[in-house]
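All chains are identified by letter, namely A, B, C and D, in their written order; residue positions are counted from 1 within each chain.
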Amino acid sequence: MTFEPKIVGFLCNWCSYTGADLAGTSRIHYAPNVRVIRVMCSARIDPTFVLKALTDGADGVLICGCHPGDCHYSEGNYKMMRRYPLLKKLLADYGIEDERVRLEWVSASEGQRFADIVNDMTERVRALGPCSVKTDLATDMAER
Amino acid sequence: MAAKKLQLAIYWGAACGGCDVSILDTNEFILTVDEVADIRLWPIAADGKYADVEAMADGELDVVIMNGAVRNSENEHIAKLLRQKSKIFVAYGSCAYMGGIPGLANLASRAEIFDCAYLNNPSIEPGNRTVPLTEAKVNGYTLELPKFYDRVYKLDQIVDVDYYVPGCPPQPDQCKAAILALVAALTGQADPPPKGAVVGAFERALCDDCKRTKTEKKVTRFYRPWEIMEDPESCLMEQGILCAGSATRSGCGVRCPNSGIPCRGCYGPAPNVIDQGAKLLSAVSSIIDSKDPDEIDKILEGLPDFTSFANRYSIPASQLQRSHRK
Amino acid sequence: MAIRANLKLIEELERYGAQDVSNCYHCGNCSATCPFSSDHSIFPRREMRMLQMGLETKLESSLDPWLCYYCGECSDDCPRDAEPGETMMSLRRWLTARYDWTGISKLFYLSWKAELLAIIIVALLAGAGFLAAGFLLGGGDISVYNGENAFLPAGESWYGLPTGTGVHLFDWILAGVLVFFLSTNCMRMWWKTMGRDKSVKVPPHLYIAKIFSLPWNFMSQARYAKCDRKRPWAIHLVLMLSYVTMLVLIMFFLERMAAGPGVDWKVHVFGLLATVGLLATTIFAMRGRVKKTESQYKHSHESDWMFLILLVVVASTGFLQFALHRSGLDVAANIAYVVHMMAVVPMLLLEVPFSKWSHLAYRPLAMYFNEVREEAATAAEKSAVPLGAAQAA
Amino acid sequence: MEDLKIGVYICNCGTNIAKVVDCDAVVESAASLPGVVVSRPYKYMCSNPGQEMIVQDIKEHGLNRVVVSACSPRMHEPTFRKALQNAGVNPYFLEMANIREQCSWVHEDGAQATEKATSLTRAAVLRVAQHEPLERRSVDMCKNLLVIGAGITGMTAALDLADAGSKVYLVDRADRLGGNVARVDLTAPYLDSARDMMTERMTRVVEHPNIEVLLNSEVEDVSGFVGNFQTTIISKPADGKGTPTKVTHDVGSVIVCTGYKEFDASRITHYGYGKLPNVVTSFEFEKMLRAGRVETKEGKAPQYVAIVHCVGSRNMEFHPYCSRVCCMTALKYAQEVKSAVPGAYVSDIYIDMHAFGKGHEDFYRRSSEVKTLFLMYAKNDYPVIRKAGPKDDCEMLIEVNETLSHETIEIPADMVILMVGMEAREDSGEIARLVNISRDKDGWFIESHPKLDPVATTTDGIYIAGGCQFPKDIPDSVAQARAAAARILGRIAKGKLDIDAVFAEVDEDHCSGCRMCNELCPYTAIEYDAEKKRSHVISALCKACGACVAACPSGAIAARHFTDRQIYAQIEGVLA
């Protein structure tokens, strides 16, 4: 059986989640690999969420927020924009491949864009193969 | 009351020894300890052999205070042994609590460490390919060395820990307080702290005790401590000096910031925080004063090796625990 | 080079009968309904626009107004009641005035009083002239209608003059004058519309090639038949044919027409038919204009009324004298004849070259020119190497 | 806490979900999750019987948590929360899994869709187990009102509320009431006098016992939250001499009606504004009309008057948007010129004629009936105005590429009126910061929802009306003013303000007062208490974005209903 990546998506309520809903109402088909978790704003997305997803077995994490300047909370997405590069540094230091975690801006009207992003990311992560964090930690505890 | 003396053992795992010294730093208090307790094992100060411990009955020791992380099979073995022989097992110091400085090695694999330490290192004479083996035959004798694990474990990843005393090292007063609390509990003078409690530290982050004045924070540039003359009055973070204080449990007495050095987080995460480094990351990046991705990257260049700073004492305790590089 | 707009032009046209032109907001409905509007000439919309913007020269050189027969559909379909049909009509009047070098057309169109006065004067002169001719010249007998000493002999040799002259001679002189004015104005029309237009290069042979369209359009009104509404065309056709029949009869068969007593059916049947045709159509038209039954009748310029009234008078008096003469009342017939001529002369002398009538020349010419120009245009397009083709090659 | 009794409901949504997702399989797997006592499918959960089913189960099985896997929570979360409430369960004990918009409608493969629906439902179950009962709280609503800007909009809003018994503070920087409309002569499309309108408003405002007019005044500070703002106003003495006075007032709401400013015509060189004496702006022409003298600088009555539309509007170079009032105003000028100078020829040079309003099309028709020459030019292809030669019978010539005729023509003109567009005032940024609302790229204030909530802003209790939101005519401005007034009166009528139960909370036992969060709040809802050395959240101001929660380095801030624990549970759920 082919490897089906598990991707956790953190979407802001106002733009990206609505955009994902729009993809639905417009019946735009896309890969079923992303499991969406709704937060009010991308600014709510705590780096520990991303790490938690990886340690619990996610192969990828997709973060979506309003386009810069369009935040429902006027500036929330800029906070995510600032955390992201530092988070990527940290992940790199822990040996997590770059493409496993991704930040995208998706507006409420960009159903198609959301679908494209999901498809693209799914393929990239599929190419990377499974993320080993969960199994690594399990084996650490089992044998030394 | 002339109750039977408490049975106490103090031991170390992968550690620098500073924790033992910190206990000695309680000065004459240690004599008081001696009055109420028999110190059955404490390599740095008293004698005692593994055999003696192995000979003990399970739970014979009232309290074991173990510092240091688990880096090799010997650490694991003795930790398990002491746990078995003790009623209360205390993880003492940052290494025991979170993996500590040795835990930094988790960002590299054993192979990488050996390569750097024994093979490709300028201080090694050319041609010398000596690497530690768990077993070696030397003129008829078999020498054994503990197995060097692929990663560092914090103590409770190996054995069940009752209490934690954070710090690198724990401050003598805190150490005192912790020991007194345990004695009080064991002699029935007070309720024991809840299992798993962090003793000898406070419930808030370091800033609570930091004397520097704090205002709203916006950072446009980060400095290494030696790059600027820090203003002793105001918050280091606000001066652009990366300080882990806001993400670190208080209890140390704010020694570093008080002496102009940013907090490095040895007391571990604040309560309710599962990853000290990630939380510091979130806070520090959020206050960058820019909306332009390129400018943000530029500002972040001021934070070289952020990971090792943010998780300096807590990589084995962090969510990812170690490098997952293939 | 920018064209200077004459913002006052619209007012000038209003004096020729244009109405509500500025209401137009160029939806193009008018051109959409008009069967004659083509890619080459998108009228009436184009004319409405040029008029609003006061592009005088462009309007003057436009043939479009003549290509319209005023079926009235455009006006009916106009969402802004901008009366494009009436605009085209007034443009025809304006153009007529522009073509006419004597300035008489302009005078007539701008002042019906002047026109009426001129008609009356000419009528009186004509009347006087004929009476004089009858009594003094020939000393003819008013009780005699035709024959040797007729009051106004139609054709026989007359007081020493050669045979085939008499009133007939007068006809011809009249025709000559008319043709002179009309043709010179037609020349001016050609110059304004074709001659000075440098946009399309027209090779002379095209004029010959297309010449047949002139008589054809003139006689058949074939183009008018293309209008969605057939009745106006039918009426116009009948009117026109009757008129032409009459003209031919008078110019070439006057003797036989006048001769009597008794009815020379071979000739008179045409005369009678023409008379009926003329009377029927003009009366229908007048009724229409009074009652405003159809949109082309909604707005009536004074010149329209003069045209109709004169026609009715001419036709009726013509028939009257015919009837009186046939019933042997020659005196009355002669009087009726003079009255008839009092209408005929101003009609031919004033109305035909200078007023509404002139369109009998301008319209067929315009169609002719238009065909020539379109031919030339298409030829030019063909000869020019199309871009696409060049790349394809 | 009593043990969990979770009810799980999988909606088929007719066939919308069921045709792709195997709902029964989802029901089955959900049934085996910890704490789940009821797990059922139903055709339409949002239907009355569907909701009734939940209520029944709550009664029978004593459910204390409910998960509905159906459409997007953005659709029906309120519906099901209500259902819980009706059954006496805290509405926040509901969690929805979106298995329609984000599952059955976007996936073809039944197996994978079912697996996804299952894991989303599992996540919802794990999450709901972590939910806490939340109560909406209510605060007092102060009746008083601050209106910034005393134009037609501000005065109308002020009067509506003052009539209803609120104390209104009407502030304007200018030394007079009336704003821009006070500069207008007649108004389109009914040609009634702006002056009459304004006089009526102004006298009422000035005489109204409940309205305190503060001219030459600026709002220095607005703090607090909806229903409970404190505002500081600085008034310069009317004569300009002497020291400014500072007053503070408590108000419950603020209406921003700061209006617009006109486009500076000299920025478009083609029109020679400032160089050619008889090229005037619409407002300069209004002045002539008000003075009743339409004449050139030389004092002659103009024979030719040209009106140029979209000056500064609808072009790439300056403002891409339409200023919305210029077309009708231009038509008004056409008619007013005709009545002032009967013989005059008016040409109206426009891009498109925007006659969308009530009575506008008729007005357009009437203007063409007075023989206005309408000339159309293409966007970004400006007409060019130049001085006429000595032989011309006019002062100026305007060259236009006329698109309806495809002719390049020259229009004579003795006077040219430039229909200058509207643009945001320079101080709009300042105002935005003052009341903490946002502006779009052109500087106009942004409304809370362009269609459904046009006068509210993202800051609760702050409303926008009139030209400061976007160019609009008097009827629209007045409509907005009254809409804002109505919104506020509605709240005043309730007396108390319901505050959403979802907001951020600082756990003071863990807050170290590091002040990392202070600067992060877009609503300035985080206050630092210097005495206690703690930060705390003013819940009424908080919009629950969670920025501070994620940023708090010591995990001392919790986002109600979006706590770390709840989201961790959700993560475990989708990955289990």
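Here is the rule we use: contacts are C-beta pairs under 8 Å (C-beta built on N, C-alpha and C of every residue); 3 or more make two chains touch, one makes a residue touch a chain.
Since this is a predicted model, take the numbers as computed values, not measurements.
Colleague: Select the chain at the greatest separation from chain A, using centres from the mean of Cα atoms.
Modeller: C
Colleague: Between chain pairs B-D and A-D, which one is joined by a greater number of C-beta pairs in contact?
Modeller: It is A-D, judged by the count of C-beta pairs in contact.
Colleague: Distance between chain B and chain D based on Cα centroids, please, to the nearest Å.
Modeller: Between these chains, centre-to-centre, one finds 54 Å.
Colleague: Round to the nearest whole Å and give the separation of the Cα centres of chain A and chain C.
Modeller: 84
Colleague: In whole angstrom, what separates the CA-based centres of chain A and chain B?
Modeller: Averaging C-alpha atoms per chain gives centres 33 Å apart.
Colleague: In chain B, which residues are in touch with two or more of the other chains?
Modeller: 279, 282, 284, 286 - these are the residues of chain B that touch more than one other chain.
Colleague: Which chain D residues reach two or more other chains?
Modeller: Within chain D, the residues that touch at least two other chains are 520, 547, 550-551, 564.
Colleague: Provide the list of chain C residues touching at least two other chains, using ranges where the numbers run on.
Modeller: none
Colleague: What does chain A use to touch chain B in their complex?
Modeller: It comes out as residues 43, 46-48, 51-52, 54-55, 68, 75, 78-79, 81-83, 85-87, 89-90, 93-96, 131-133, 136-137, 140-141, 144.
Colleague: Residue numbers of chain B touching chain D in their complex, please.
Modeller: The touching residues are 203-208, 214-218, 235, 237, 245-247, 250, 269-273, 279-280, 282-284, 286-287.
Colleague: In their complex, what parts of chain D are in touch with chain A?
Modeller: Those residues of chain D that touch chain A are 72-74, 98, 100-103, 105-109, 112-113, 115-116, 119-120, 123, 438, 441, 458, 520, 522-523, 543-547, 549-551, 559, 562, 564, 567-568, 570-572, 574-575.
Colleague: Could you pull out which chain B residues touch chain A in their complex?
Modeller: 73, 76, 107, 147, 149-151, 153, 157, 274-275, 277-279, 281-282, 284-286, 288, 290-291, 293, 296-297, 300, 303, 306-308, 310, 318-326
Colleague: In their complex, what parts of chain A are in touch with chain D?
Modeller: Spelled out, the residues of chain A in touch with chain D are 4, 6, 8, 13, 17-18, 20-21, 23-25, 27-30, 32, 35-41, 43-49, 52-53, 56-58, 69, 72-76, 79, 83, 115.
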